[in-house]
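Each of the next two complexes has chain A plus one more chain, namely chain B in the first and chain C in the second.
The block that comes next holds the complex of A and B.
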């Protein structure tokens, strides 16, 4: 099993969610995060003082998927999250050692 | 035909009335007079009680929310507590001796102890101040001013003052700065009292000098003495919740009608005039701050709008019962622009951390308003005076008296605040410990977290 961690633009989240549902992936954990890569922040003015704000709001998605579907999920996710501009985000893939459904002790891919 | 009937009826009634003798008419006339007085009192007293409530609302929750929203999340409770606790503390001080020190006769600088423990302050009016309402109403109305004035100072030492030291500071400040200033301007025999025989008549209808200059200048002294917040100005310390500040500012605007129009001490045409002047100044100042900001930064902000409105309200405070509506608009326009300049340019030139712009808005706005009162005051608005009032009445010299009052307020605030800070620092230490400041006053001083949204 693989865990996908994707950091995307907040305004693309709905598109990504719909795209995942369309291919039958409906389990994910969503967190609101802040960060940046190469995208520069923006300047804000408060009471005449200028500040660099370089921690930008993003959305982090985490989902665990069967090995066989990895390329399909990566492709769907990146296509739906892409705008083509700097700041689109990144996606990381991790190995998952075990998965357990808490309700009934299912293990492995049947727990996903 | 009908006219003849009316005439006959009138003749009959008058004849009957006259026939009953002067004694009866005299009694009835006296009864009518006292009914009129009672009606006048009822109208005045109800307005004044409402005004008192409005002014208290300005402190809690008005100012508490306005300031609370402007600080970082970890300090919102501490900030609100600084306003709230004064609602308790100043009330007790006022009741015991404060009212007496301001409003009883004494020296030109401070009153006496005639009303200690509010002795004699009851249903009977005090004709020196307000002849148609119980003195108790007048006392409680003035109490609300005594509460909000020190609360304004908290804007300067937000996020870094020790709570215990603040309590001591506020107590000493009330005695050393507020009571003397209020007595000088509003108390009988006060040096600056324009209505009750002050040597230097300074027009201050609702507290431009007494409230805003004293607190605003004290705020600057506090900001300089306590020093900047850790991380200022490199770290952005943005308002954590502008929604709260917005609500607070609107409550301040509405409450200010009690503050200014209530200072007419009657439900009169003067109260209406002050009400209108207050509103016009707030409106004009909100617009002028927003437009200046729009031009300078390209983005008109809500924070700018509400700050502008407050600046206008501050500036019109001394002038509210003395100026006509359109001069009020001008005062507002000026205040919005001047205070914008104070909190953006001047503050960053000098680098002081007046965290919530108490000096930039109240100190500067109050000074501007006090001086402009000398320009625009007219006895056409305030008929209680039958002499030329301000420059528009031909009495340009009034501006000098206004300047004197302003300078006295500045001087008293500076000296008094420095002395008090030294005392508090020596006894308790005024600045929060660095670890407490970093953790946030809510947890370190009050053991509370404002938002437990996951609970």
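The block that comes next holds the complex of A and C.
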């Protein structure tokens, strides 16, 4: 099993969710986060005052998937989250040692 | 299987619905038997005296639900369980667990039980329902005696603690009965609230000197039985003490009763509402008795009474309720009174409204005069949310606005909404009102925006209607349906055309900012123009921003996260900067106007002009321009919404705006808002909204003509404004409160041809004259001006050129110094 952690643009979240649903991936954890990578912050002006916006709003998705589906999921995720501009985000893949469904003790991929 | 756990598996899932209270008593009797038998077997032999067994809590009340804890209290003579009893108590409890009962027990002495322990209020509460089961009757009699003394002494303190606990519990469980998946025990209107009413009554009855109170508690038995049946079902279904009425269970139960979940849930809400109302009333009675400070305050507040209503014990009463029959309009004034003073209706008043509901409905359906002024007055009060809530609770809101009825207790299921449509709406209005005194520091920026909004009544009206279409159309289609419902209601109420336009725009776009937040790249250059085009004007953008804030916040308690709020603010900023920018850069080119001369008149005005003004207003401006041709100037002054509106058309000349502002100051008028632009032909159109703080115009109607004449002469340069101002007394020194530090900023990037100057300063009479004179004194020309004033704060935007070009750095520095000087009184 693999865990995918993806940081994406907030406005791409609906597209990603739909794309994931279309390939049968329903389970994910979503967090509203702030951060920056190469896309540095910028200045905003309101009533002549400048405000530094250094941490940009992003959405973090986490999902655990069977090994066999990794490439398919990465492909779908990148396609649906991409605008081609700096700030589209990144995704990271981790090994998962075990999964347990708390309700009935299912283990491994059948717990996903 | 023993007798005790038999009731855990009722054969007929509907059997207990007919007589749920009876079913609970039958379970209690069965459990009593098991417990008593076990007591006789294990404990009586070792402790023939000095030990009594009591049922407490729900079990004590004979309301033992399947899978609920069986609460027992072992009463002993004095501290410390004797050695010989310990083993026997273990064996006793063990036997009960073996019989399938979930036992929760404690061992205490009568002295323990009759002391107020703030850490363990629950113990005192559970003892209110204590019931003797077995053992030493003499010992139990001692407890009864000790309890009676304790409650007489500490009863009111205990009631106070109990009420505090209830408030915490309500806050923890959503603070509303209208939740989509309520906890039927703990949420407001749940079984705990029913018990609260009974406990507070017991506490009152236990005190010798408690003030007598007429017992007018309505019959809550049907509501209680409904919840009894429901909780029994929930426990049996989950096979544990689980009290959340999930969507899944709602479907199941509705099917059982051959109805739809939405219809069945209305039954739930109506039961919960009856209980919640009584519980609140019981709490208020305790509050009133416990606070002497409140009594003083109450006496002070009773001074707000007027000829129609009087206030007693913080509650509003009719002075002559029979007048409602031939003057039903008094009801609207009543709610305005509630909204103005932030006080609840007395139960008596609610009853009177109820008695005259037919007269009220008739009056609202065919009023002798438009109802809008009366309703507008309510929407403009500082406690408008409270007033609307009172209208909702008494049915007056649905009588006034039949569109409201279908959303009462209406459940729309989705993943995010936690409340019914009516509750969501009233909650949103409450949140909007909370912006006046924001508790959360994160709300400050939005709250600042709120304070800049003119016509909050229209935002409130839009919020009241924004989701009403949900009773007709699903999903996004509700937006159009809500707008249609609002349109017909506004026509019926007799609202002015321009107010209707604002409300419709707000409703139609109430999801626009959220949708930008969720689905558009805020970094993309096309987003800002998209927002600007969507909302049209700065005014609508501000109103929509606070409306969106309230709407999202009222979806569920955590919906408006700091992250979301930041997104919303960024969307606002993008829109704000874009709309400010296009004021200068986006001009009307081709009007496509048929009328002769109109096209010429409009050409060169900012695009904003067309968005801001109705066809009728544009026509009136055009007429004024025609009139100005003869003498080079035309002025119109009229009253509007409690203020004065001034429109002036003239040929532009240097320092003209300064001269006009000076003339206004000379008359002691206070400018609240202003706009000024020139068209391509060099004709300027200035519109001002001003107030008359000394009532000069009101008291001397001829002064209006003199002001008009003066403005014309000043515009044509026939009167020196300095001359006029010499005769004015110096303005009063500014008060200490609400100081606004002056700020002047420049931006040359936003426009192709001009420099934007933004001035924020403490408002005072003559400020605009001082600022425009300062600008004129540098030889610069004002292309566009937009003036706004909110609560002592003036926010003025000028687009300025010098010799047709943007200001240089040196010019900016000079201008800044002069402007800052002008800001200081």
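Following the convention adopted for this analysis, the second predicted complex is superposed on the first by the 107 of 112 C-alpha atoms of A that agree within 3 Å, B and C clash if a C-alpha of one lies under 4 Å from a C-alpha of the other, contacts with A are read in each partner's own complex, and residues count from 1 in each chain.
The criterion applied here is as follows: a residue touches a chain if its C-beta (ideal position, glycine included) is under 8 Å from a C-beta of that chain, and two chains touch if they have at least 3 such contacts.
Remember, predicted model here, so these are calculated numbers, not experimental data.
Novice: Considering only the touch criterion stated at the top, classify A:84 as touching first (chain B), second (chain C), both, or neither.
Specialist: Touch partners of A:84: none, neither chain B nor chain C.
Novice: Name the contact category of A:24: first (chain B only), second (chain C only), both, or neither.
Specialist: neither
Novice: In the superposed model, which partner reaches more residues of chain A, chain B or chain C?
Specialist: C
Novice: Which holds for A:10: it touches chain B only (first), chain C only (second), both, or neither?
Specialist: second
Novice: State whether A:46 touches chain B only (first), chain C only (second), both chains, or neither.
Specialist: Touch partners of A:46: chain B and chain C.
Novice: Return the residues of chain A at which the contacts from chain B and from chain C coincide.
Specialist: 44-49, 53
Novice: Enumerate the contact residues on chain A facing chain B in the complex.
Specialist: Answer in residue numbers: 44-49, 51, 53.
Novice: Within their complex, state which residues of chain B touch chain A.
Specialist: Interface residues on the chain B side: 233, 236, 238-239, 297, 299, 303, 343-345, 347-348, 357.
Novice: Residue numbers of chain A touching chain C in their complex, please.
Specialist: Answer in residue numbers: 9-11, 13-14, 32-34, 44-49, 53, 57, 83, 85, 87.
Novice: Considering the complex alone, what residue numbers of chain C touch chain A?
Specialist: Contact set of chain C toward chain A: 517-523, 561, 563-564, 566-567, 570, 573, 576-577, 743-747, 758, 760, 795.
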